[in-house]
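One chain, subunit A, links the two complexes that follow: it is found with subunit B in the first and with subunit C in the second.
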Partner chain A sequence: MTDTQWRRFEVFVQTSEEAQLEYAGSVHAADFEIALMNGRDVFVRRPRCRRLFVVPSEDVLFRTSEELLSNGDRHQPDLHGGPGDELPSPYLVFSKAGHRGPLKCAGQVEATSGPQALEIAIERLGIDRSGFWAAVAENAMIGNEFADAESMFTPAEAKSYRLHSDFPVNKLMREQKEKP
Partner chain B sequence: MNPQWEELLAEKLQGMVDDELILGHRDSEWTGHAPILEEDIAFANIAQDEMGHAVMWLELLGQLSGRDPDRLVFFRDAGDYRNIQMVELPKGDWAFSMVRQYLFDAWETVHLGALLKSSFQPLRQAAQKIIKEESYHRRHTEAWMRRLGLGTEESHARSQQAVNQLWPYAFQLFESGDRRDRILVEEGIFPDQMGLKENWRGQVIAFFANCGLEIPKSRPEAPIDRREHTEHLAPLLSELQKVARLDPLAAW
Partner chain C sequence: MTEQERLLAFEARIARGEKIEPGDWMPDRYRQQLIRMISQHAHSEVVGMLPEGKWIPNAPTLRRKLVLLAKVQDEAGHGQYLYHAAETLGVSREQMLDELLGGRAKYSSVFNYPTLSWADIGVIGWLVDGAAILNQTMLARCSYGPYSRAMIRICAEETFHKKQGQDMVIRMARGTPAQKDMVQDAIDRWWWPTLMMFGPHDSDSKNTPELVRWGVKTKGNDELRQDFVNELVPDLHSLGLSVPDPQLRYDTESGNWVSGEIDWEEFWRVVKGDGPCNAERLRTRREAHEEGRWVREAVEAYAKRNDQVVRR
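After this line comes the complex of A and B, so read on.
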């Protein structure tokens, strides 16, 4: 069967000047420009955002702690450099300890592959192997143009978004039913 | 304040409210039907933004005329609506909705740009708020237009067809027929529409050329009054107003 889906991109957001980059989720798009717009529309229409990045999914490696502990990556041929002995390139490493909250950027390392980037990061940063991990080839990331930030992110700041608890539907329904 | 220009401005605002409201409703009809999920969300956002702009103009209109926004939206019949016909046409295929949105967005950015210089402060302030959002809408629809126009043979053919159909309708954005409009222009309250039209036309033709699309020769035979509507508006309103009219006294 033919896959009619567009390419998948992973979306990363920076919520303020000081904040670490966070993983938001993924979108489908035909190209980078549409990926950035879809990332904006799906993930940052309401919450605050300073900068948005997208990267093709194939340039991101996701790992759970189980996968890291099983050491399966050590047997990957590209872990210590492929046959061509590729030059190291920058990777951003993301992690989170538990199920809650987003994967946050823990730092940058130079590596020849995603698995190697995770290994180096874990050794260098001294973080334990629990939780969730991602390694992103930084050269494959595309961020929004600074000039576009105002139209992409500013309108959201002036708006409030309501939680479902702001709409007391159950209470109102009960009152209606209790009416004689 | 001069009551005469207040009344004229209220008429202009009513047109702006109705354009945004009806276009927002038509756009919202794509919810659940857009080409992909991400676009479904994006276009529903745009629909909601257009409704939000309608609310901003409605509030200003309410201040000028003392009329209740909810009554204006939910209890006016088609004959009292003042939107242009382009926005009430059925949503058509995706190319049709994108071309319509582009023509409207291009007009709105030009129009809002001029309103930023209005001598009437509330208009200026509202325009400042809306224009940021609108420039994003325009980027979004331009991105789609380029891909549809330059994409496949079919996407190109459908886009060209939509341009041919919509082009004559778009001119209604700039028509007024009311000679008293001069007063608003002279007071610096509302921009001269003819000046905007040339600006808009130049931008649209250049952009369409970049998308491989041509402007048709056909032009409207005579200016269409904003009081005239197609047969498509009444069914749209009956859906839009249905719930509010079920219980006219309900508090929302």
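After this line comes the complex of A and C, so read on.
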């Protein structure tokens, strides 16, 4: 009945030039360009954003600590890395900041596959029992340039009703209750 | 590990406050309950755009129009966050949309009531979004990681919606007699449907005990409903507005505002599809889907021309 099951893209957001990249969620889109637009419309309507990246879901390896600790997954060859594709390339590794926090970029490693990237990162960072991880090959990430940030994100930032101070309800209620 | 040992280990993780993440072992029942809750929640956001969207062309000022547009846009976004969270449990977005458009999915019944005046927009913001925030603040602590993270984002934006609505109600309550009457009429129509949003009494809710044990919910329906009534009644009274409940009384011993009984017959009737706007909401969603077809086709043709793979 519906025709809405386009390819899925994972969305990563950077809120300032200094901030770590953060995993936001996913969108469906027919191509990268629309994935970026959908990513912006879904995940950065109100929060600040300088850079947005999208990656086809099949190029992101998600693993929980439970999965990593319980099987030999870490040593399986990467599904996308064919024979001869052995040159290490840069991967970004994401891990969960605390129980409640989102997945944030924990660093970059050189690896030949997602599982290997996670293995190296975990050796470096340690693993806790309830963690959640992601590895992405940097060359699979498509994002806007910093130079485009203004046209992509500034119009939303300029809306005055994005600010809590635009709706001074607590002050108004206090005034109301103090009325004789 | 036996199934029983796995279940005990799973429940111990929840008891320690750990989040369950997509690849972790979970009981099938936990997965099914979450798919049910998250997809219903997503559908509620999507259908929730309709009663308010109707007033976008009729907003009284440009500023109010922009504020309302942004709110409706937020709801579209919340629906998408939630479809994403449900997808991590193995259900596809296409399946969920098919169920919604096919009339088989449930969503919050409050959106099956009509928006008859501009004051409804303020009252929905303050009451309906206010009630939703109480529920969502609880769900932001829920044991399933993707749902919890979606809720944290959603709560931050819902807070705006509630403030926008409350701001409108305050200004109308302080306005001309006609404005005050209009806002009182809106409260009279939305009060009971809002109280129904919290669901049946805990004694009649078959899902609650399991959801509490698995850390999905931490409060029962009645407790959340009481929190809402206690928060809203004094504020409405201080604005010179009333609540359409002749049995409402303040209980000095418990410090609670005690409501009269909800019309449960009406509640179940609307849940089962026979509310004032159930058919209209479904028809509007289907039309929107059909009217968008040419856009989806164009987007797909463009992607194919540029040699990008469209289907997963």
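Going forward, the second predicted complex is superposed on the first by the 132 of 180 C-alpha atoms of A that agree within 3 Å, B and C clash if a C-alpha of one lies under 4 Å from a C-alpha of the other, contacts with A are read in each partner's own complex, and residues count from 1 in each chain.
The rule is simple: a contact is a pair of C-beta atoms (placed from the backbone, for glycine too) under 8 Å apart; a residue touches a chain by one contact, two chains touch by 3 or more.
What you see is a predicted model; the values in this text were computed from it and never measured.
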Requested in this report: Name the contact category of A:152: first (subunit B only), second (subunit C only), both, or neither.
Outcome: first
Requested in this report: Identify the partner contact of A:25: answer first if only subunit B is touched, second if only subunit C is, both if each is, neither if none is.
Outcome: second
Query raised in the report: Does subunit A have more residues touched by subunit B or by subunit C?
Result: C
Requested in this report: Pick one for A:64: touches subunit B only (first), subunit C only (second), both, or neither.
Outcome: second
Requested in this report: Once the structures are superposed on A, label A:171 by its partner contacts, choosing first (subunit B), second (subunit C), both or neither.
Outcome: neither
Query raised in the report: What is the contact status of A:7 with respect to subunit B (first) and subunit C (second): first, second, both, or neither?
Result: second
Report task. Could you say whether A:37 touches subunit B, subunit C, both of them, or neither, answering first, second, both or neither? Result -> first
Report summary line: subunit A contact set shared between subunit B and subunit C covers 6, 27-28, 30, 34, 41-42, 45
Query raised in the report: Touching subunit A in the complex: which residues of subunit B?
Result: 36-39, 41-42, 45, 49, 129, 132-133, 135-136, 139-140, 143, 147
**Report entry** Interface residues, subunit A side, partner subunit C - complex
**Finding:** 1-8, 25-28, 30-32, 34, 41-43, 45-47, 57-58, 62-64, 66-67, 96, 99-100, 102, 129-130, 132, 159, 161-162, 164, 167-169, 172-173, 176-177
Report task. State the interface residues of subunit C toward subunit A in the complex, per the touch definition above. Result -> 13, 17-19, 21-25, 63, 66-67, 70, 73-74, 77, 80-81, 84-85, 87, 92-94, 97-98, 101-102, 141, 145-146, 148-150, 152, 156-157, 159-160, 163-164, 166-167, 170, 174, 235, 238-239, 289, 293, 296, 299-300, 302-303, 306, 308-312
Query raised in the report: Contact residues on subunit A for subunit B in the complex?
Result: 6, 27-30, 33-34, 37-38, 41-42, 45, 148, 150-152, 154-155, 158
